[in-house]
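By written order: A, B, C and D. Residues from 1 in each chain.
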Amino acid sequence: MLDKTGIAKRIAQELQDGWYVNLGIGIPTLVANYVPEGMSVEFQSENGILGMGPFPFEGEEDADLINAGKQTVTLKSGAAIFDSSMSFAMIRGKHIQLTVLGAMEVSQDGDIANWKVPGKMVKGMGGAMDLVASADNIIVAMMQTDKEGNSKLLPKCSLPLTGVKCVKKIVTNLAVMEIKDGAFHLLERAPGVSVEEIRRATAGLLVVPGEVPEMKL
Amino acid sequence: MLDKTGIAKRIAQELQDGWYVNLGIGIPTLVANYVPEGMSVEFQSENGILGMGPFPFEGEEDADLINAGKQTVTLKSGAAIFDSSMSFAMIRGKHIQLTVLGAMEVSQDGDIANWKVPGKMVKGMGGAMDLVASADNIIVAMMQTDKEGNSKLLPKCSLPLTGVKCVKKIVTNLAVMEIKDGAFHLLERAPGVSVEEIRRATAGLLVVPGEVPEMKL
Amino acid sequence: MNKVYPNAEEAIKGIVDGMTLMVGGFGLCGIPENSITALVRSGIKKLTCISNNAGVDDFGLGLLLQNRQIKKMISSYVGENEEFERQMLSGELEVDLIPQGSLAERCRAGGAGIPAFYTPAGYGTEIAEGKEVKVFDGKPHILESAMKADFAIVKAWKGDTLGNLVFKATARNFNEVMAMAGKITIAEVEELVEPGQLDPNYIHVPGIFVQRIFQGTHYEKRIEQKTLRPKPQ
Amino acid sequence: MNKVYPNAEEAIKGIVDGMTLMVGGFGLCGIPENSITALVRSGIKKLTCISNNAGVDDFGLGLLLQNRQIKKMISSYVGENEEFERQMLSGELEVDLIPQGSLAERCRAGGAGIPAFYTPAGYGTEIAEGKEVKVFDGKPHILESAMKADFAIVKAWKGDTLGNLVFKATARNFNEVMAMAGKITIAEVEELVEPGQLDPNYIHVPGIFVQRIFQGTHYEKRIEQKTLRPKPQ
């Protein structure tokens, strides 16, 4: 089974040289720490950065330089700053090659719910709806079950949607799956996790090929 | 009767302090030479200048700095440069207080035709359609008749339109007129021009109030 | 034509109860601190505020919330604010949540004379309810309308007396599009300079969009999430 | 990931007969001179060119017209070109004329994932024929669609190896929005620099929009209308 770092490491294997990538808050943010050696990947932050660098050293933080999670960050050499409309022009216009974000629920049709729980305080969708509606390549990073053990991979989402038919790939603590033809297709098992465990943690339709390799980290 | 310079001088009297103004090619361009003393007016050029200055001195011309008429120009102190989409954001968004342009025909409803003569080479509308469709305050600068003496102020335009119901004011070689309620309303006569001469040069409906003052230049 | 105002108190004159304001900033980054303070002191009420976020309890728009001056918030994300939560849950505060990209584009559209545009963002969600849908290239999009405000209040790094603005780093965010969309736009700047001191090639907001400008004072520039990495030994 | 190409000949590889190109510039100001020369030499035919203007007889896109490489021009204004006129009147050349502001906004929309938007420009004229009309705030608007191109070819003043671009003065014009709207965008620059040499605050086109970049040579920068005022004595 993977922890959050493991999920981030596995997602980092999906990166390709020259890609522009938007990472959501939480597990996705960790992906930036595991860019393969020698690969050049630029991170976009939707508040207006391309070429976001690591967190600053103490004393170097600048209130005027934050990421979309409102954390102090730095710029890489060759970074560019822009306004919010230009930022979402990049996102909506499909100039970002990969979007990684978290989810509360994902359906076997690729629907995603990650912004609102009825009856609870609603903070807002931020840029998530723009991101999922626009990106051709979305990876959802999530725990496959909630704290009570209920699957978050469902036939249909029960929560208000963030976007429809948009998620193509999921990396959870248990598995890597692809979504197509109305089903979760199992691609890889997390280390030490059996197909049966994955099946129990998947409420939606799961397609298991003959052989399911264990992922390599 | 006014010459082109006279028309430009009369239009310059319409300027107000602090206005942003777009001047079309031809007579309108001349208006910039007659901004009243002590008045601050900024000229916008739709290829991307706010704060356009006079033509350069010999040797100071810069191929990278032209106006919408493709003429070499200079920048005033405090000028700003922007791209074409921002330029028309200003125009369409009604941030320009006055637009002055030429016309081949104007109708008593305020329609304007100034870009196309069927059977002749069509060069294009450039920014004229955006300008006339957006501006709340358009002054047309024109000769009131063509070379054959035919009126260019018509009940209805005969040429393909540039915009509909948009012209509010006209300054010609003969008169200043306002367009409202489907008629040309005579406001001022050019020096030495009689109401009768203006009437003969106006094919559309002309409303003449009891007294028509001669314009002061 | 003088656009320069001596301070925030003078610059916000004309804002009255019930108006719609756009307020620049992302989180607490690039917010018009001086103008917010002046609004708090003014006691103007029943405001509709269009702003990506709603500040924190004791800073930014949170100060106006504390003071019950806001009737409605139009934002994309409103976390980090307990008073906001209380007013929202009790029904005192109306909240309209909008996808962040649509919010930015709707402000730009308002400034640019584009009354409406199609976007894929929000299709198939509750955001799309009641909105026109049209399919382009096989993909459904929803029609979103332009937004304007009675006053837009933005914060820039430097500005000149003609209203030209430049921003520093990510303090730019929504300030640029909101400056375009205000019927009257108030810009507060850290440094007010004379015309000619800003390079014409690198103006972020041309002065045509700015009606009032003043030099702010005592910027706190609070950091919401100070995140650091360890110094190498 | 290397975006840097040695010259125009290499950078335009992949452009083939029948493609749609966006070409930056306003008149002869800010046009991609090196790329146009390479296109002339390539002999690629049946091009659709989206460009605000069509050059003059012996410079700019006029060179491609002379060579009969353009099937269709999409522009706002095409004066100053006799060969253009001849081809247009003889029916050899298709011409689609578009209001300048709509052209700029349609390019931006293509780059920004906005498939269509409403504008008042052209309502009631032949431009509006066949287009959807909708009334906003009592005023009719027409629906205009986004434009994209197989390749966008732009010219910048400086660019870095990551594709970030800055323009000089009015050579900026359509280059910015066209850079956003190319499936592949080629940027030729007067000066190619290393990452970090352009100030991140003042980038006109972020590198994400540029797939290929090269340093051009021998810029002629022809002036169309040299207008001067007399020197004071």
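As a working rule, a residue touches a chain if its C-beta (ideal position, glycine included) is under 8 Å from a C-beta of that chain, and two chains touch if they have at least 3 such contacts.
Bear in mind that the values here come from a model prediction, so they are computed numbers and not experimental data.
Any chain bridging subunit A and subunit C, meaning touching each of them, is among D; the list is complete. Taking the mean of C-alpha positions as each chain's centre, the chain lying farthest from the centre of subunit D is A.
Inter-chain spacing, taken between the CA centroids of subunit C and subunit D, is 33 Å.
Rounded to whole angstrom units, the spacing between the C-alpha centres of subunit A and subunit D is 36.
Computed centre separation for the pair subunit A/subunit B is 55 angstrom, with centres defined by C-alpha atoms.
Residue positions of subunit B with contacts to 2 or more other chains are 75, 81-82, 85, 88, 91-92, 134.
In subunit D, the positions touching at least two other chains are 105, 108, 112-114, 119-120, 167-169, 200-201. Every residue of subunit B that touches subunit C in the complex is listed here, in rising order: 17-18, 20, 40, 42, 44, 50-51, 75-82, 85-86, 88-96, 134.
Of all residues in subunit A, only 45-49, 54-58, 61-73, 75, 81-85, 87-88, 91-92, 111, 121-130, 133-134, 160-165 touch subunit C in the complex they form. Against subunit C, the residues of subunit D that register as touching in their complex are 105, 109, 112-120, 134, 136-137, 141, 145, 166-169, 200-202. Contacts from subunit D toward subunit A in the complex involve residues 1, 108, 110-114, 160-162, 164, 180, 194-196, 198, 200-201, 203, 206-209.
Listing the residues of subunit D that touch subunit B in their complex gives 26-30, 52, 75-79, 85, 88-89, 95, 97, 99-105, 107-108, 119-127, 157, 167-177, 204, 221-229, 231.
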